[in-house]
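Before anything else, here's the structure in question.
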């Protein structure tokens, strides 16, 4: 790390910085410029020590800025682990050549609804089934899912269609229960910084699909992945799902830059959720094509047999026909970038 | 609610909308304009029904927009409850004439550190002690608090100084434990949409200090308050703590507009956290004065006896001297708006 | 428009709203709900009148909200003009089957630099040459372009390569001068709301490439297009170039949703600028593929023969080799969506 | 500046960086760390050179980041000019003890309207009259001002009331015309990065009130001020007027942090515009008190004798009574922070 001292830093202040570095085991490399004095830290520290030291140096009133040199994550970084990680889910290999499409309703509402959706997405070429049994709802008056019953229905849908299941877990107390049924455990955007949940998931027996927080930077997102990996669960799948901006036409702004950026910063597989990323059914197919063209390893798409009867997110859900049409236009795009659906 | 149909909506589509309204028990009020057809819903529905119906109408491809007429929260709204709510914490009355200042370190680090801070903030005029025993940390390598031991130290500090305690709870499993020690349970910005935690807090025996999510709208924030109130805990204290914007000079952008806006939209007491709201010690006093001048009912301020040794947030922590100086400049501002410290 | 009155609006206030509508020539359609009174405006007003009336109604303290029914633009809207507009530039037809790639250096720096860039982008398949003679610079110490000399060099480059020219105009006084040399006049992101410039361009003899303001909504962007069209210049080409968000890893966040959204809202052709949209050379090719997959009619790409010697934007400029490689990977994507380069 | 090279930078690449520094007249200070190599630039360069060099170094593919040490502005900086600047306008001293309140209608609409407003704001204690003769309008169908006639009316209002005038100039061609009538030339938020206008204003004979761009960082804002100062006009008054964020309840988010931050970064006087900063009349008084409590040197407030008849911005305009009431509550706050109205 590099410590930039404010204009007019005294000799004593410079020595305080050097002492703080040396006390932690760093060497100090002093550079007295015309307008600023700069102290570089030399050596390697444990991540815990480095993080703390940077904060403490910044708290000196005479320190103008501390510039970190390395990224604040390691296990998730491409620099540390140059080969792409492939997460296996039954026969699927997420992060390999195939673009993995996970589709299904926002929420599990009934056996009939779920099975109808599951058959439709399978017929159109989806590889996994999505569907929420535990649902976050901004309004306390909204639908919050069928919970255990929903999990049971997901299991039935898997039995019938063979599609592996991805479903959300919101409460650290439910991780085990959900892991019994789900093939992949989803962390929603509102829980990306729910560190108690992440810690529990780091000990889970299932891969984790980690959605980006709607106002999280790429760096914060990778640190959330690091939480899960540091605890021992290295099977993390990232999912860009739109960020909050000033634009009101769409529900969120899908950050397409994040796709190639994250593939460079990290070795983890990366999906895109075009349903939340746009919030409008009529934009989903175009956003999906963009995601695959930009290098996404897969998609997470909301499909409902009857969107106008959906208990949640109907306006952004594709109909089965819309989904089939999307898949038809997606296939040549996947091939154009050397992938397949 | 008002349903605006797309240009060229057919008679059959109009009837579908009317039928959907009538099926739920609403009357329908049709207005055929030159360029659009509009259907108004007449009657009163339960919040659950209304929320769902609006979503389902929006999912019709021929519906352009659904415009809600009423706010999506009720218990938290000033319209429903015109009188200001005052939350009593021991002798303090939060939301009444006194501007309540809660101060203390970001994290409880040791007995010595906490007591030194507690004595200092009390001497300078604080009314409550803040300090985290359970700490969210963006980095998995960062400090996450002394946990149960930290709670015990907070209890000691209260015994010695008499200051009531506000401290954060992050895990639904810890609510009871924290409630045994804390006088006010704090929900941090990363947990405002942790609905499992909110649900648990709605059954807690302590008032809840609900920080605004860093990318939450005022409406979402009030819905989070509604969660807690709907479950039976009406003692909610709001806390504006800065939102995420494009400006990099400050850690967050303190939304000062939120102060008068929330006092108009809601009857709940409202605090401001100038430490996170700015992220820079040198801006905290000015932001505090602004908050009180704008009508805040109190402040939540980070104070550390030795910021350069803090395990967290040193750069935004005031020293005891800085805090005392802030209090001196704050007092006349409070009086200028008819309040007292 | 629909006028929603506050709770407890009196009969007299309702009549004031009706009178204001009738005075302008609207009919009023009253709906007294249980909790709110709503007045709908019936009839057709000139855009000027409607805009003003909505503002004035909102200024009544007892009016809660005015909900507009129609979009605030007409000439630019798909609803008013369902057929896509194709802008012809010499032999090119922008908005038709071909994906039009405009490439070249950020700034014209010298004859040698420009010609080297022009030859390279032509060889790799670009259809137009970009290059700034007048350059906005955030810093007053930065490079602001060769001005008239730069225009002359662009003309030479066109003579040699046959590539039509797109170049920026920043000052209403320069429109005529730039129009003599350029085939397309570019409005930069910082000038999208420079209405004096837009007005001048509405009388220009050249098509206008209108970049989105970095914090402009889609609706504001279309109103800026409407300015130019209303003055008589209907040859407007839109260009998404990234918006300002909280994410620091990229210079801007390319709003990929804007591509299909604008193609639905408007009939105007739409380009994407992946160079500014990402600000990082290593992301440009992926963003370009995403743009074309999402339906963009073309690209505006920065290419510099020696980025490390560029006077501006070197970090986001492709080398000629990088550009050629990007074109190679772009071709199959264009074909996958039924277009060609 | 500090140049951080990517992991695995070769000896040759390091030498390329050193050569680039030395070629410009810098010394190079090399620090080979375990994980990164860092090159510090030693010496003083002209701002133009430094700006360019940083960009060019960043364009090397093997350079990870260039960290600037000094701010990209000088004339506007507090470091370079520690004493506060006071801008004199007739008898007023903007930036001194008095909090200068500039008030009046958004737009000049008629003699009657302007004079009624001018008399009212004077009676309530305003020190200057604001009012737009040239008005930016997002919609091409909106009101764009009375132009020359409006200037004439402002002159009359000044003659009658003695209040100096601040009014907006939008077109570089109008600077001279507006300067004949106005005491202070206002640059609106949409023109903060209109560098052609800034350049013209740098040669004007009047002080410039420079509003912050609605998506501009503090650093960009200070660079805009630097443009004007560098050209010779050092009488710049800054004005915070709200930034664009995700929050829809208010028109903009007033960045109150910017007040103390800018007073620390710069010596220039700073006003706040609570009318645009909130967009809602009912929040203006609270925002004004906050601004003064935070250290603003003045306010720019919209007041209209009949907001519901205003041609622009009625919903955020105070009535004369509302303004008088605001001034009454503002006075004790000003005194509480050692100022006066």
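The letters A, B, C and D name the chains in turn, as written, and every chain counts its residues from 1.
Simple rule for what comes next: contacts are C-beta pairs under 8 Å (C-beta built on N, C-alpha and C of every residue); 3 or more make two chains touch, one makes a residue touch a chain.
This is a predicted model, so every value here is computed, not measured.
Trainee: Touching both chain B and chain C, which chains are there?
Mentor: Expected: A, D.
Trainee: Let me check something: if the centre of a chain is the mean of its CA atoms, which chain is farthest from chain D?
Mentor: Chain A.
Trainee: Can you grab the rotation angle between chain A and chain B? Superpose on CA, round to the nearest 5°.
Mentor: An angle of 180 degrees brings one copy onto the other.
Trainee: Could you work out how far the Cα centre of chain C sits from that of chain D, in whole Å?
Mentor: Computed value for the inter-centroid distance: 26 Å.
Trainee: Based only on mean CA positions, could you tell me how far chain A sits from chain C in angstrom?
Mentor: Roughly 31 Å, centre to centre.
Trainee: Would you please write down the residue numbers of chain D that are in contact with two or more other chains?
Mentor: 215, 244-246, 248
Trainee: Per the contact definition, I'd like the list of chain C residues that touch chain B in the complex.
Mentor: 2, 4, 7, 29, 31, 33-36, 38, 40, 42-44, 67, 69-70, 79, 244-246, 248
Trainee: Using the touch definition from the top, list the residues of chain C that touch chain A in their complex.
Mentor: 215, 217-219, 243, 245-250, 253-261, 264, 277-278, 280, 282-283, 286-287, 289-295, 329, 332-333, 335-337
Trainee: Along chain C, where are the residues that touch chain D in the complex?
Mentor: The contact residues of chain C facing chain D are 20, 46-48, 50-52, 55-61, 72-73, 136-144, 170-173, 190-191, 193-196, 214-215, 220, 223, 226-227, 230, 244, 281-282, 307-315, 317.
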